[in-house]
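Here chain A shows up in two complexes: once beside chain B, once beside chain C.
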Partner chain A sequence: MNDLIFFFNQAIIGGVVLGSIYALGAVGVTLIFGILRFAHFAHGDMMTLGGFISFVLAGIVAGLGIAFPLPIGFIVVPFAMLIAAGLALGIDKGFYAPLRARGAKPVTLLIASIGVTMMIQGLIRLFFGVGTYSFFDTQPKVLHRIELPFEGVTRPISFSEPQLLLVISTIIAVVALHYFLTRSRLGKGMRAMADNPDLAKVSGINTKLVVRVTWIIAGALACLAGTMLALDVSLKPDLAFNIVLPIFAAAILGGLGHAYGAIAGGFVLGFAETLAVFNWSVLLRPFRDNLPEWFEIPNTLSLVQSEYKLTVAFVILVVVLLVRPTGIFKGAST
Partner chain B sequence: MNAMTTRYIAAFIALFVLIVGVGMMMGSAFTVRLLVEAFAFALIAMGLNIQWGFGGLFNFGILGMLMVGGFAVTFISYPVNMEFWGSEGPLYLGRTLLGMAIGAVLIFFAHRVQRFGITGKGRGAVIVIAWFIAYVIFRSQMDPAASYITSTAGWVGGLGLPVLLGWAFGGVLAGLMGWLIGKVSLGLRADYLAIATIGIAEILRAVLKNLEWLTRGTLTVSPIPWPVWTPQIYQANGADTTTSFILARGGFLAVVVVIVLIALFLIHRAYLGPWGRMNRAIRDNYIAAGSMGKDVTGRQLEIFVFGSVLMGIGGAILVSFVGIYDPSSYQPINHTFIIWVMLIVGGAGNNFGALFGGIFIYIVWMLSEPLAQALFNALSRFSSDMGWGAIPDIASRAVQMRVFVMGLVVTIALRFAPQGLLPEVIRRKE
Partner chain C sequence: MSLIDLKDIKAGYGATPILNGVNMAIDASDIGVIVGPNGAGKSTTLKAIFGLLNVMDGTITFDGRDTTRLEADRLVPMGLSFVPQEHNVFTSMTVHENLEMGAFIRRDDISGTLDEVYEMFPDLKAKRRQPAGELSGGQRQMVAMGRALMSKPKLLMLDEPSAGLSPRYMMEIFEQVVKINAAGVGILMVEQNARQALAFATKGFVLANGQNRFTGTGQELLDDPDVAKSFLGG
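Coming up: the complex of A and B.
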C-alpha cells in the first residue's frame, strides 16, 4: 500500500501538475494558431513574463503588509493577467499586425515571434538578472498531507498548496473557456473564424475584434500558467522557454487549433513524462516473495533515465508528427 | 553598373570599414578572433541559405548540426585515450553494436510483417512491440557498457587524427544526420517542420549532453587541437603574447576564409546552374515542378543534406577554434535563432547575402555587449548625478542586451526589409 501511495504521489500528482501547466500553455498556442494561423513561439516567454509581472505585483502587495491565507502570488494573478493581456495586445499591434497587414506568410510571422522571444528574454534578464526568485520568501509554502485510514499505511498523500491551486485554476480556466467558446457570441465567432476565416468575415463577424480577444485570452492564460509554474517551482528567466516545445508538442498532439485537444494533449504529455521516468521496480517490490527465483528486481526499472525526462515529450512530438500530423483530434492546417 | 552591383559594393565596403573600426577600437587580437568566428558563422548561414533560401525548407534544428559537427572534430582530433583501448570497453561497445543490429533486424522485419498476412492494427502493434524489444535489448547492453567505460577509462577519447579530417567528418556526420531528419520530417508543412526539427535537435542535445562515455558530457573536453600553430608554439619560438595570438589566430582565419571561399564558389556555381533553377522552381511551386517531372522529395532531401554538411563543418570549426567541447553550452538562441537573424538580415536566397549577414550580425552580436555597457555606464553616471543612484550589476546586464538587440534587429528587418539587405536576384534571359 505504501508503495502504491508513493506511486500516486510521484506519478499521478506529478503528471496532473505537469499536465495542467502544459494544458494552460497549449490552449493559448492552439488558439493563436487557429485564429491567426501561425506557430507563436514567443508564448513560452509570455508565460515567463506573466510570472515576473505577478512577482512584481506580489512584492508590492507584500510591501503593503496585508496578510492573506493564500500565497500572495496567487492573490495577484487576476491583476497580472489583465496586465499580461494588455501586453499581448501591444505585442500583436507592434510586431505581428503590420506583417499580417502586408499579407506576410505564416512562416514570416513565426520568425517574427522568435524575434519577440529574444526581445522578451533580453528585457527580463536586463531587469531581473539571471538569478532564481521565489514567491515564498515572505510566507511559508504550505504542504498538504492526507493520512489514509488504512491499516499499515504510514505514507501520506502529499502535495503542496500551489499545486492544488494550479489544478483548481486550470479546471476553472478550462470550464470558463468552454462556456465562452460554446455559449457567447464572440466565442462562437472565434470558432467560426478558426474554421473558415473568409466565411466568418463575410457573415459579418468582426474579425479584428476576434483577433484582439484571442490575444487577450492567450496572454491572460499564459500569465496564469507562468505564475502557477513559478509558484510550484521557482521563478527564473528561462522558466517557460525550456517547456515551450513540450507545450507545442501538446498542442500538436491535440491537433493544432483545437482547444479541447490541447488540454487533452497537455495531460497526455504530462503523464507520459512522469510515467516514463518513474521507477517501476517500486511497484514490484511488494511481490518480491511471490516472484520466481530467477527474476531479480533491478534497482531502477524506469523506461528512460530521469535526465531524459523532457526528451520524452520531443520523442512523442516527432512520432505524432510522423504518424498522425493532424493530432489525436483532427487539427486545423493551412 | 546597375543598382544591385552598387548595393553589393556598398555593403561589403561598409562591412570592411566596420571591421577596421572594430580593429582600431578593440585591438587586433580580439578582431582576428571575432573574424574567425564570424566566418564560421557565415559558413553556417550559407548552409541555412541552401535549405531555406534555395529550397524553402524550414530548419530550426541548426543547433543539432553544430553539436554533431563539434562532436565529430572532437572525436577525430583529440589524442587517443589508451586507457579505454586497453580496457574491455571496446568489447562492451561491440556487444552494444551487436544488440543494435539485432534490434534493427527485428524492426526491419516488423515493418514487413504484412507479407505474413498481418495487416492494419495488427501490423501497427507488431511494429510497436518490435521497437520496444529493440529498445530493451539496446538498453540492456548500453547501460553496463556506459557505466563500465565511465568508471574505468572515463570516456572513449579521440582518434588523434588531423583536424581538417575532423572538420570533414563533421560535415559527413551532420550530413548523415540531416539525411535522417529530412527523411522523417520533410513531408511536413513549414511550421510543423520547424517544430519537428527543433524537437529532434533538442533530443540530440539531451543525448550528447548525457552520453558521458562518448562526449564527457558536462565535464567537457579540452584542449582540442588546432589545424595551425597555436599561440603556445609561437611563444615557444620567441614571439611575445599579443603577437603570438595575432599570428596563430591569423593562420586559423586564413584556413577558415579559404574554406568559406571554396564553399561560396561551389554553391554559387550550383545556384546559377540548372540545379539551382530547378530548386527555385520547386521552392516557388512544388506542384508545378513535380508535374514537370522533377523529383521534389529527392531534391529537397539533397538540399537538406547539403545545408547540413556546411552547418556541420561550421560547427566543427567553431569547436576547434574555441578548443573546448561543452555540449551544455549549446543554446537555441546562440546557435539556432542567431543564424536565422543572419540569413533574414543578409537576404535569404542570396549567397553573398548569407555571407554578409553572417559576418555583419556576428559583429553586431559581439559588439552589443561593450556598447550596451558603455551606454549603461553613461546612464548610470547620469542617474547618480541626478541623485537616483547608480545602476547595479552593469557588466552582467550588458551581456543580456545582445539577445534583445538580436530580437530587435530581426523584427525591424522583417518589417522594413523583408527581403534582406542583399535581396535575391532572379536573372532572366532577355
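Coming up: the complex of A and C.
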C-alpha cells in the first residue's frame, strides 16, 4: 500500500502536473498554427518570459509587506498574463506581421520565431543573468499531506500547493477556452478561420482581429504555464526552452490546429514521460516472495533514465508522424 | 444606376491579366448568369468583384460607391455576398455555426434571418447540429447559400451552385435563387448548366478568354444561333 501511494505521488501527480504544463503550452502552439499556419518555436520562451514577468511583479508585491494566504507568484499571475498578452501582440506586430504582409512562407516565419527565441533568451539573461530564482524566498512553499486512514499505511499522499494551484488553473483555463471557442462570436470566428481561412475572409470575418485574439490567448496561457512551472520547480532563463519539444509533440499528437487535441496530447505526453522514468521496481518489491528465484529485482527498473526523458517525447512524435501524421484526434472539431 | 457596374475590368492572379476588359451591370431586380468555357475567367470575375485578387485596370461600382480596391471585410457589410465554387462551407463546424459565421459582421438580432434560411432549406433545420463536412453535396451547397444570405446581402454572387448536384438538387437550388431574387436581392451567378440557368436569367453574359463575347437577356442568348452553337453545345 505504501508503495502504491509512492506510485501515486510520483507517477500520477507528476503526470498530471507535467501534463497540465504541456497542455497549456500546446494549446497556444496549436491555436497559432491553426490561425497563422506556422510552428511558433518561440512559444517555450514566451512561457519563460511569462514566468519572469510574474517574478518581477511578485517582487514588487512582496515589497508591500502584505501577507497572503497563497503564493504571491500565483496572486500576481492574472496581471502577468495581461502583460504577457500585450507582449505577444507586440512580438507579432514587430516580427511576424511584417513578414506575413510580404507573403512570407511558413518556414520563413518558423525561422523568424527561432530568432525571437534567441532574442527573448538573450534579453532575460541580460536582465537576470543565468542564475536560478525561487518564488519562495519570502514565503514558505506549502506542502499538502493527506494521511490515509488505513492500517499499516505510513506514507501520505503529498503534493505542493503550487501543484494544486496549477491543476486548478489549468482546469479553469480549459473550461474558459471551451466556452470561448464554442459560445462566443469571436471564438467561433477563430475556429472558422482555422477551418477555412479563405471562406472566413469571404464571410467578412475580421481576420486581423482573430489573429490578435489568438496571440492574446496564446500569450496569456504561455505566461500561466511558465509561472506555474516556475512555482513548481524554479525560475531560470532556459526554463521552458527545454520543454518546447514535448509541447510540440503534444500539439502534433492532438492534430495541429485542434485545441482539445492539444490538451489531450499534453496529458498523454505528461503521463508517458513520468511513467517512463518511474522506478517500477518499487511496485515489484512487495511481491518479492512470490517471484521466481532467478528473478532479482533491480534497484532501479525504469523504461528510460530520467536524464533521457526527452527521448520519450521524441519517440512518441516520430511514431505519430509515421503512423498518423494528422494526429490521433483528427476529426474532432477544432 | 445599376446595383453593380463593372467597367473594363482587367485583373489576374499574377502579372499577366486573366480578365482583359470585362463589362457587366446588374440591378437588384436582376438574375445575371455568366456562362462560358472552362478557364474563361468566370470565377476570376467574381473574385475580382469580391476583392480577392488584384484589379489592374477598370472600375467596379457597387451600390453607388467605388469598390474597385475594397476587400471582402469591407464589402460584406456593404451588402455583397459570395458563395465560392469550392470549399464553401466550414466543414468542422455545425450547420448552425456556419450560418452564424455568415452573420459575423452583424451586431443585431439574427434569429429572424436564421428562421428564414431554415424555412428556405428545411433539410438544414433537421441537420443544424451536424458538422457541415458530414452533409451531402447538395446540402452543403444549401449551407453555403444560407451562410451567404445571413449577412442580408443586396447582391448575392454564386459560383456554379449546381456543380456536381443531382437534377433534383439543381432544380431546388435554382428555385431558391429565383425566390431570393423575388425578395429583392440581386443575383450574379456562374453556371455550367447554361440552358437551365439562362431560362430564368434576366441578364446573360458569355465570357471567353477573359472578355465578354455576348451580352443580352437570358432568352436572347438562348435564341442566338452563334451562342447556342459555340457555348451551349448546339
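As a working rule, the second predicted complex is superposed on the first by the 330 of 334 C-alpha atoms of A that agree within 3 Å, B and C clash if a C-alpha of one lies under 4 Å from a C-alpha of the other, contacts with A are read in each partner's own complex, and residues count from 1 in each chain.
Just so it is clear, a residue touches a chain if its C-beta (ideal position, glycine included) is under 8 Å from a C-beta of that chain, and two chains touch if they have at least 3 such contacts.
These figures come from a predicted structure and were not determined experimentally.
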Taking the superposition as given, does A:Thr117 touch the first partner, chain B, the second, chain C, both, or neither? first
Contact-wise, after the overlay, does A:Gly103 reach chain B, chain C, both or neither (first, second, both, neither)? neither
Answer with first, second, both or neither: which of chain B and chain C does A:Pro149 touch in the superposed model? neither
A:Arg185 in the overlay: touching chain B, chain C, both, or neither? Say first, second, both or neither. second
Based on the superposed arrangement, let me know which partner A:Tyr308 touches: chain B (first), chain C (second), both, or neither? first
Once the structures are superposed on A, label A:Thr207 by its partner contacts, choosing first (chain B), second (chain C), both or neither. second
Thinking of the overlay built on chain A, is A:Gly63 touched by chain B (first), by chain C (second), by both, or by neither? neither
On chain A, positions contacted by chain B and by chain C: 333-334
Provide the residue numbers of chain A that touch chain B in the complex, in ascending order. 38-39, 95, 98-99, 102, 104-108, 110-112, 114-123, 125-126, 129-130, 245, 248-249, 252, 305, 307-308, 310-311, 314-315, 317-318, 321-322, 325, 333-334
So in the complex, the part of chain A that touches chain C is made up of which residues? 185, 188-189, 191-192, 195-196, 198-207, 333-334
Residues on chain B engaged by chain A in the complex (per definition of touch): 58, 184-185, 188-192, 194-196, 198-200, 202-203, 206-207, 209-210, 333, 337, 340-341, 344, 393, 396-397, 400-411, 414-415, 418
State the interface residues of chain C toward chain A in the complex, per the touch definition above. 50, 52, 71-73, 75-77, 82, 84, 87-93, 97, 100-102, 104-105, 131, 147, 151
